[in-house]
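Given below, in the form of structure tokens, are the structures.
Okay, so chain A shows up in both of these, paired with chain B first and chain C after.
Showing the complex of A and B:
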């Protein structure tokens, strides 16, 4: 179907969904909204802000002050503007994804555009989060915009989008390195023909400086909006210190619920350093295709982030559509798919059994998050293997293994 | 469970010991005991006054030292057990009847340490506190009252529990009461000196202990003791009995002073033991009155509940009924620990079913900080005449760490009572101006009302699992990390599979 027809149809479908009265209240669902992205907390923070109470003096509001000033002055959040805004954000993200695909394939348009847009707009992980008005939708949009501008070579726009993304969510800082390098190399696929990094590494330094400048300006704007520096500890500090132990589909919350106080600082440090560790090796190993490196890092952070929601692995799975050349080389796609189906059925079921019905306990939900972690990990391993394996090629009568 | 009013059977026992200090070494100590069958509202007698503490003959030394050190100008500490049922028992003589411990302190300016530091030093083991201005308020709803509280309380008295009215306080009987509470009130009066008032209130049920279900009572039947003699240093020592409306009762022995509302026994010059007894000889067994015809005993009736069966969200609902035919404006103070966090933007007010958000205006709100301080919500509510106003607010429940749960974690946590302070009757008029209106319907102006404590049920982790959780999570992370590490660092090898087992490296 022609993309110019398919895309508006898909977006219209999403608008209808957004305005449809859903019987289930998704807004506070722990799978779709974490303490950093929950819409109820955003509304509470805006209400306190508009009534002269510092929203960062308590522990419930953990959104960025930029969102606070945006939604209290420019765009008020009402029953009509919120679904519009969130669906528009998803539409922009889908459009950015399609543009990345086109830039990677180096075509003006292709047959798969509509399919890729549909894979983003109707991915259940993503559209349920959007219906829950979780601000992770906005974060995904900024992420895809940043990658899109980097693929086009518009480094300033790309770094600005990334700076906004970091203001909303601290773990995004780890995507900085591949985006910097992507700005210098191109999005075209070199997976099958690896080559060393084509540009001079020293050229990243001015880009890095530009990013730091944007971040400083945005941080100053946030401090001005908020009036003091309390937002730093409440928003960015939350990803490092894990003050709020609300359940989410990630691996941190139950681990740190059951942890004795003596060991908390050490393990918080371990978990944060663990996230940091993946950036450089993946960028080095995939220096020939930085877009693939960003894609893999998105997957890693979806699995190991402090406060993930379903939209983070949703982004990873939707971005997989950009790399169809790797599909034949997946090691165990059926296992991955089944694990994801398994986890996506168990997670809401056990969450409800524990908190709503009271017949299960926390272990049920914890076990389903472990399965979900395995599902994400399996998808990640598939993607890494395929990305490397494709470079080796086929030869009849031979098998390729690793030693 | 009996329906209807049991109030006829309960007796409000108010024991007031007031000790104040004199400019000249004559410190004054007064004690009095008030007994009344409930259903008659009556304000208790007020107490005496005096001057600066120079000597500590009668004034308790320990309390005086604390007050001096922290420059406290006024202190009210109450420790109560049970729920004061305003609908059945009316207003208490001492208004501080919130369940658990409650402390109000006014601290003076100009002391050496700051007010906050002095407050921290003063409150000791009471953890929840809020800080509006120089007034500090702390509340601990799950504090239990027992003999260990009564003994130091009695030690503050000059006669301890050896003579005087305080000798009646038999812990076995007193803590068996349906409701009991201790109070320490310290005030500095301009014309006099420091006034300390120690109050003990209790609500007894004589029918419970009577074999014939009769409501006859005596000091011996309630306390298992009689008053021996008055405290020698007491300037006045009296027992007041409020007389019931019906005339079919008997009261022995003969009181010193009697009118149609009160009987008073003066103990100061008595030499023999005194046992006051009231009986209803013509009544076989007490008939509980039916509740539907009962007139309200208080100006407002409050019900506060936490609705919802989920362990992640709840809804706080406060239903206030205005029993008067005039509008009442009341302050609403809610000290909510961080165990139940408000979504203030969801506060909705309904009056008789209609949405009336204009009836509440928020005066101040301090958001709660987990592990650190509770939320403080102060609002002014306007209650239309003879109506029911319902406030609802969404509440979310946090998830605690393993070490933060109490030993019996499934019981839940107590949430302190909310306080309603009516301050204005009619359209903008003050209480005094419309006191006649109030007096016509109920005796006296509206007073402070405490709601019962709530129990919030938080989600618990599995307490047997810390080791298992750590190893399973670490195993998964290590598995994924190891696999990613292997994939990134290993070389690819092309292996010939046709025929033999030789391998070629490429």
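Showing the complex of A and C:
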């Protein structure tokens, strides 16, 4: 179908869905909204802010001051604006994804455009989070916009989008390196024909300076909006210090509920540094295709970050559609798919056994998050394997070994 | 210098050849071995799974029950219930019998009971309710009373309830008059003591299950669209435990426990165990599970009470172990019949949905020797036990199989049976998936003359070549079958379906038989480049069934076991065949397995629909949207030309 027809149809479908009568409990679902992205907490923060109470003085509000000022002044959140806004954000993200695809293939239009938009807009992990008004939807949009502008070579726009993204969620800063390099190298696929990084690395320095400048300006704006520096500890600090142990589909919370307090700082450091560890190796190994490197890092952070929701792995899975050349080289796609089916059925089930029915306990839900972690890990392994394997090519009678 | 045998071992394992070559060879050998043994492995898993199910009632499995929560201290108190309380109960009974003989309406009965509570000085009220279902409306009036805790702030509560209709025959009309009089006289009696740390809520619910559903939904402020119920005027705290008293006969010989709740939820085992301890040590009443009297205690009634068929030779029948197996089997089967269908085995089962641990005490009707005196003491002591709780029951098991009054199976000893069958299905599915991805291309050898002689060459040479797996078509067929299931579910929950059931069910069955034949048009002539549709569909069908089985097994073991029995072997065996007649026969068989209940189980279907509408039992939607479509997919695998 023509993209100019398909895309509006898909978006219209999403708008219908957004205004469908949905259970109110959706927006407090632990799988769809973490303490850092929950809509209820955002509303509470705005209420406190508008009534002259510092929302960061308590422990419940952990959104960025930028969101606070945006939604308390320019766009008030009402029963009608919120679904509109969130669906529009998803539509922009889907459009950005399609743009990235076109830029990568270097075509004006292609047959797969509609499919790619549909894979983003109707990915259950993504649209359920969007229906729950989790701010991770906005983060995903910023992520894709930043990658899209970087692919187009619009470095300033790309870095600005990333700076906004970092304001909303600190782990996004780890994607900075591949985005900088992507700005210099372009999005075309070089997976099958690897080459050394084409541009001079020194050129990243001005870009880095630009990013720092944007971030400083935005941080100043945030401080002005908030009136003090409390927001830094409450928003960015939360990703590092894990103050709120509300269950989520990630791998951190259970570990830290079980831990003796005197080990906490050490393991917080280990878990955070562990995230840091991936950035440089992935960028070196995939220096020929930095879009792929960014895609892999998105997947890694979705699996291992402190407060993930379903929408983080959702973005990774939808981005997979950008790289059809790797599909034949996936290592075990059926196993990955089955793991994801198991996980997505087990997560809500064990969640309700523990917190609704009361017959299960925290270990049940933790077990299902482990299955989910395995599913995401398997998808990552598939992608990394395929991305490297494709360069070796196919030759009858030969086997590939890893030294 | 290491010893010689170590050198030999080194020689054996660390060959001189290239490490990578050795690794690839090793991998290939392993893969070949796995591939060759996969069919026998799947069959083995299937057989072991089924055998495990048969072994579950074995006397060699299972362990003794025990009280896990130390706060409970069952049977440690002196009871005060005495003959004057029995006399009061007899008086209440006489008045209730008069109401029954006058054919009083439920409104009048509720007013009477509320009045009696009021005379005792306990605040009481009534609640009118009405359910609208496809089978018509259900009205009634509940009465309830709240005795506030003299000791604490009333943040927690215990419920003592009796329904107007007994659970005998699943509410066939037998009245629970003695149960109701027990509740009334208990209210009078328990009020006299100041040791209660929790509010006592006395509920006399109308009808069998409907009354309690209306009451408990209103108590928790939950909204049910087809229920109109008056809000409750007397508030109380969070209900932790509930005892429901069912005493339909004149007297009783044994006390039984019913514990299955809606949608397969079970109460914490500590509650059942405490009751058994109390009943045995305080009440001195013999105990049973459900109303299953032990045939070994009644030598004259063996044929009636035992599930061992009469044709079994006498020496086997007398065997101790066989008798124990049969007794346990009877309990397990009863449990499965409730849990698999998501039915509550008594009024207590409705409370589970709000996280209340509840059981029904069933007084097995007999001419004697026990009566109000025993049941009063037992309930008093059990309430004193649950009164001790400092937190919700959580210590003991929520997933168990109670095979005898004091014997149970932990989840680890029954769950593997279903999981093994599920794994077998998964391996079968993955095998089909690999099959779908490869094709054997024989090398064409132009051997003239050999064709006529009819001799088949002993070894055909050829190569395995990869082919694509177009999953989209198979996935859309699966999606369509589930959508068809959803449409079927929508249809059978309409009023017209129930009203004209014989005609509508036959029509629906006809539609369900005919519609999937549309898939035949989808099946393009098999290209060598792509996997045939039936193989792919079977692969995905098996994988998905396995997923459903293993996930349901934890939620509702009985349902998973029933599914494993119904789906395990049949789905393995589904395949396309060259002959059209054989394909049609297979198709008909699978359709009968998947949708036969539409015509054959009319009564059961109607009941299950009412259960869904009134109590929210998920059995009907599950069968329509998950089970039947899975079988339908196997049927489509069979009808598609290979």
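Observations on the structure shown:
Rule of thumb we're sticking to: the second predicted complex is superposed on the first by the 401 of 403 C-alpha atoms of A that agree within 3 Å, B and C clash if a C-alpha of one lies under 4 Å from a C-alpha of the other, contacts with A are read in each partner's own complex, and residues count from 1 in each chain.
Assume contacts are C-beta pairs under 8 Å (C-beta built on N, C-alpha and C of every residue); 3 or more make two chains touch, one makes a residue touch a chain.
Remember, it's a predicted structure, so these values are computed and weren't measured experimentally.
In the superposed pair of complexes, A:247 makes contact with chain B only, with no contact to chain C. In the superposed model, A:76 makes contact with neither chain B nor chain C.
In the superposed model, A:359 makes contact with chain C only, not with chain B. Once the two complexes are overlaid on the shared chain, A:58 sits against chain B while remaining clear of chain C. In the superposed model, A:349 lies in contact with chain C only, and not with chain B. Of the two partner chains placed around the shared chain by superposition, chain C is the only one that A:338 touches, whereas chain B remains out of contact. Once the two structures are superposed, chain B and chain C can be ranked by residues of chain A touched, with B on top. Of the two partner chains placed around the shared chain by superposition, chain B is the only one that A:380 touches, whereas chain C remains out of contact.
Legend: residue contacts after superposition of the two complexes on their common chain; A:265 is shown touching neither chain B nor chain C. Once the two complexes are laid over each other on the shared chain, residue contacts for A:399 go to chain B and to chain C alike.
Touching of chain A by both chain B and chain C, each in its own complex, is seen for residues 356, 358, 361, 399, 401, 403. Contact residues of chain B toward chain A in the complex are 309-313, 338, 341, 343-345, 362, 365-370, 375, 394, 396, 398-403, 459-462, 465-466, 469-470, 472-473, 476-477, 479-481, 483-484, 486-488, 490-498, 504.
Chain A contributes residues 334, 338, 341-342, 345-346, 349, 353, 356-361, 399, 401, 403 to its touches with chain C in the complex.
Within the complex formed with chain A, the residues of chain C that make contact are 20, 23-24, 265-266, 355, 392, 394, 398-399, 426, 430, 433, 543-544, 547, 550-551, 554-555. Residues of chain A that touch chain B in their complex: 28, 30, 40, 43-44, 46-48, 51, 53-55, 57-60, 243-247, 251, 253-261, 274, 278, 281-282, 285, 300, 303-304, 354-356, 358, 361-363, 366, 370, 373-374, 377, 380-381, 384-385, 388-389, 392, 395, 397-403.
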